[in-house]
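One chain, chain A, links the two complexes that follow: it is found with chain B in the first and with chain C in the second.
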Partner chain A sequence: MNKIKVENLSFSYTPNDLVLSNINITFDNRTTAIIGQNGAGKTTLVKLLKGLIKPISGDIQINGTSISSQSVASLAKQIGLVFQNPDDQIFKQTVLDEVMFGPLNIGINEVEAKNAAIEALSLVGMSKHENSNPYDLGLSERKLIAIASILSMNTPIIIFDEPTIAQDFISKEKIKNIIRYLQFQGKLVLTIIHDMDFVAECFERTIVLCKGSVLIDDETKKVFQNVDLLKEAHLELPHVARLSKELALKNLSLTIDDFITDWFNY
Partner chain B sequence: MSKITVTNLKYKYPHRDNLALNNISFEIQPGEFIGIVGENNSGKSTLCQSIIGLVPHFYKGGYGGSVIIDDIEVYKSDISTLCKKVGLIFQNPFNQVTGSKETVFEEIAFGLENIGIPRDEMIERINFSMKLLDIEQYKDRNPFDLSGGQMQRVAIASIIAMKPEIIILDEPTSQLDPAGSEEVFQAVTKLSNEGITIIMVEHKIEKIAAYCDKVMLMHKGELIKFDTPSEVFSLDNLSDYGINPPIFTSICKKLNLRKDDNNYPVTIEETLQLLKKERSYEQN
Partner chain C sequence: MKSITLYEYKNSFLNHIDPFCKLLYILAALSIPLILGVSVTKLIFIAISIFLIISNKVFKKVIPLFTFSAIIILTAIIIQGLFYSNNKHIILQLGPLKFYKEGLLFAYHIALNVLNILLSFAVLIFTTKPTDLIDSFVRVGFSPRFGYVLSSVFQIIPQMSETMSTISDAQKSRGMESEGNLFTRIKAFFPLISPVITSSLINTRERAIALEVRGFNSTTKKTFLNQQTRTRKDKIINIILLLLIILSSIWRIITCLK
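Right, the complex of A and B next:
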């Protein structure tokens, strides 16, 4: 089982202005959503996990080994991070080259890298664009390619930074299925996300970051029962939960099907 | 008189075989708040760009039909004329921020400098739009040091400061937290109430349903329907166009609860009203 242990972690970009202060979290194989206001420190936290920036204090251990003693290159084999902005990630001339770049770079041979890339592209539904230039495609498609580029690396830990940006209903469903598939494979999946409906449907555990600290860390359903704390973090309930709360139904439903069941049981 | 009149608009990007926009016609009145929905690649962004003239003047390609804004025909005009009337907020704020300015304040000034607004008025407009988007505290920061959500607000403020008569927003809240997107919808509604025409592409269907006067449903370059949110989201075959109705509408469809006009509710308020009525009926 994969595990990331974050202990007493603090970070600041400018002195005296802590972006993260004293974070303690253990990530395990439960799919986990990290939610919080813009500027709460979500992206900073995942950059620290990947070793892209170094903490000012505290430690991060991946499967028992502190990352402070590991290079970013060796961490890349363990953690894949899909960037928030695909244009920060994509640089190759063709989609296939882009998706093969990650696996090749962590020492996978050409044949296997190509197979992994082809599989990843089919998972995100972009197979037909293999030979296109990524910049001839729309933002939503580039985001899917950015996701495929990380899937192809087959890392035991995968982090998505706002995977649903620019995605329509069908692609969101596709991303939900990918997250479930990765979990089924026994991978550790973390996702930063603002779409509360997506959080409600897809994640077992939710962590609320607020002004650089962990405000709530619990099962998703329990997190959404903390209405006051969520308000403090400037977050909203999922749409279904709002409806069930307004109607004062016995349970707080998070999905449409739950709601229908609760409605008839009322 | 209509603010925007589009007649039989057809457009094809260079070196492509398919029509990105296929025979589109509609009229938009001044001050209307229009939402555009549709699956990826249905032509939403291309339609936005045809109103500011980037289609066809920047992208070139094949063009037919007409887009008329007040009395200006886009095809016969140019971007420098059109951009004083129409402001476009890019889908990706990282692409919109110029990179030539070192502070948020100056970034918002960029557009105003280009159209020659006097200094005092520039400062006034920049302060107004920073306040509207709640980004005053970042005014001395480098735009590229901001988070995605903060940068998105700067991109929106930069266009609002230009005081266009029409504002087009291409997924303006994609990187914003829930409170932030609510603020953007409210800010934009305020502008629409002041008579500014708003066109917004957005996947957040519940918000579109709650705030927009009318909704355009696009599919494969065609305009399938242009009507009130309630008419559009009550369509039986909505899923054929890759669109899911608002969650509230889905729930009412499953419970077969319709409003008096036979459409399904699209907002939480309408849904609550119907559900409460249903419950009191059952209890009696």
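Right, the complex of A and C next:
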């Protein structure tokens, strides 16, 4: 089982202006969404987990070892992070080479790296584009390539930064399936996200960050019942939840399926 | 986003002076010593510039400029003192090194020029918002395209350095080693530079389209977002500076005719 333990973590870019203050979270194998307003500290938290920035105090342990002594490149074997904008990473001439870049970097040999890349591409449904130039494809396809390029590294922990931005329904469904598959494989999946419907459908646990602190940390369903606290964090309920609230149904439904079952029981 | 300008608002006298006055000051500081041919005037202008810099609270930011110019001046003193072609009279001997009077005098003039140029420009640059300066250029008839090219530099460079750091994070996250010996760093160069170039090309195109949809190429006369605030103080300073330049020219012509 994969575990990230965050203890008394604080961070600031400029002195006296804490972006994160005294964060304590333990991530376990539940898929977890980190939500919060812009500037709440979500991206900063993820950058700290990846070792891209160093905390001013506190510690992060991955499966029992502190990350403070590890370099970003060596942490890459344990945590994969899919960046928001695929154009910030794509530089190879072909999709396959791009997806192979990560595994080769972490010391996987060429044959295995190629196999891992082919598998990752088929998982995101991009096998037929293996030999295309990434920049001949559309943005949502490049996003899938960026996801594949992290999946191919086969890390036990994967973080998605805004996976659903600028994605149409079909691509969102694809990403949803990928997340479920990773969960099924026993990987720890985290995401930073603004899309509440996606959170409701995909994530077991939700952490609400507000002004650099953890405001709520609970099962997704329970989090969305805290309407007042969510309002404080300037967050909205998922659409289905709003509907079931307006209709004053007995239970707060988060997904369409839940809603339909509830509606017939009503 | 980090800013790359040296300007910082201090609510000082020079912050509220029209950029053109300060440009005229630079013109005066550089041209009057040239017209008069007297090096004391350079000293006077250096003193005025230093006074302006200190009284407008930007002296601390100018110190790096001093250290930078000190290196140039020191080099000039050593090279000219030893090797100036008209060297005749030895003034100082340090072991095998002979410093000559003519070379050192020449270096002294170089030093005055360097300081005069740097400090008079510092008066402008440290107290003027770049966009205000560009605005005033466009107002007097420079093309808005020229103005845009200049002002975009102030946005594009910080933006590119931000993209650069995101890209570096993204590649490091994929296990790319970016620190270490020369070879590792050369290997890290391509994964970094190609997304930077691609994304800045994409950005440039987007920017061009965004400008176009807001009528950048329209041929009607453009108006300005900020009103020009040229006060009486500005006019008086302008007149004084212009008079100084004209008077020194007249004086020079008269002395030449004699």
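Keep this in mind: the second predicted complex is superposed on the first by the 266 of 266 C-alpha atoms of A that agree within 3 Å, B and C clash if a C-alpha of one lies under 4 Å from a C-alpha of the other, contacts with A are read in each partner's own complex, and residues count from 1 in each chain.
The definition used in the following text is that a contact is a pair of C-beta atoms (placed from the backbone, for glycine too) under 8 Å apart; a residue touches a chain by one contact, two chains touch by 3 or more.
On a predicted model such as this, the values are computed, not experimentally measured, just so you know.
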Answer with clash or fit: chain B and chain C placed together on chain A by superposition.
clash
Residue contacts with chain A in the superposition, chain B compared against chain C
B
So in the superposed three-chain picture, is A:I165 touching just chain B, just chain C, both, or none of them (first/second/both/neither)?
first
Once the structures are superposed on A, label A:D87 by its partner contacts, choosing first (chain B), second (chain C), both or neither.
both
Answer with first, second, both or neither: which of chain B and chain C does A:Y135 touch in the superposed model?
second
For A:A76, is the partner it touches chain B (first), chain C (second), both, or none of the two (neither)?
second
Using the superposition on chain A described above, determine whether A:E236 touches chain B (first), chain C (second), both, or neither.
first
Partner chain in contact with A:Y181 - chain B first, chain C second, else both or neither:
neither
After the overlay on chain A, which stretch of chain B ends up in the same space as chain C: 111-119, 129-137, 147-155 or 273-281?
111-119
Return the residues of chain A at which the contacts from chain B and from chain C coincide.
85, 87-88
Please name which positions on chain A make contact with chain B in the complex.
13, 36-40, 43, 84-85, 87-88, 138-141, 162, 165-171, 194, 196-197, 234-236, 239-240, 242-243, 246-247, 256, 259-260, 263, 266
Which of the residues in chain C end up touching chain A in this complex?
163, 166-167, 169-179, 190-191, 194-195, 198-199, 202
Spell out the part of chain B that touches chain A in their complex, as residue ranges.
38-41, 45, 91-92, 94-95, 145, 147-150, 171, 174-182, 203, 206, 242-244, 246-248, 250-251, 254-255, 268, 271-272, 275-276, 279
Where on chain A is chain C touching in the complex?
47, 50, 52, 71-73, 76-77, 80-81, 83, 85, 87-91, 101-102, 105-106, 135, 149-150, 153
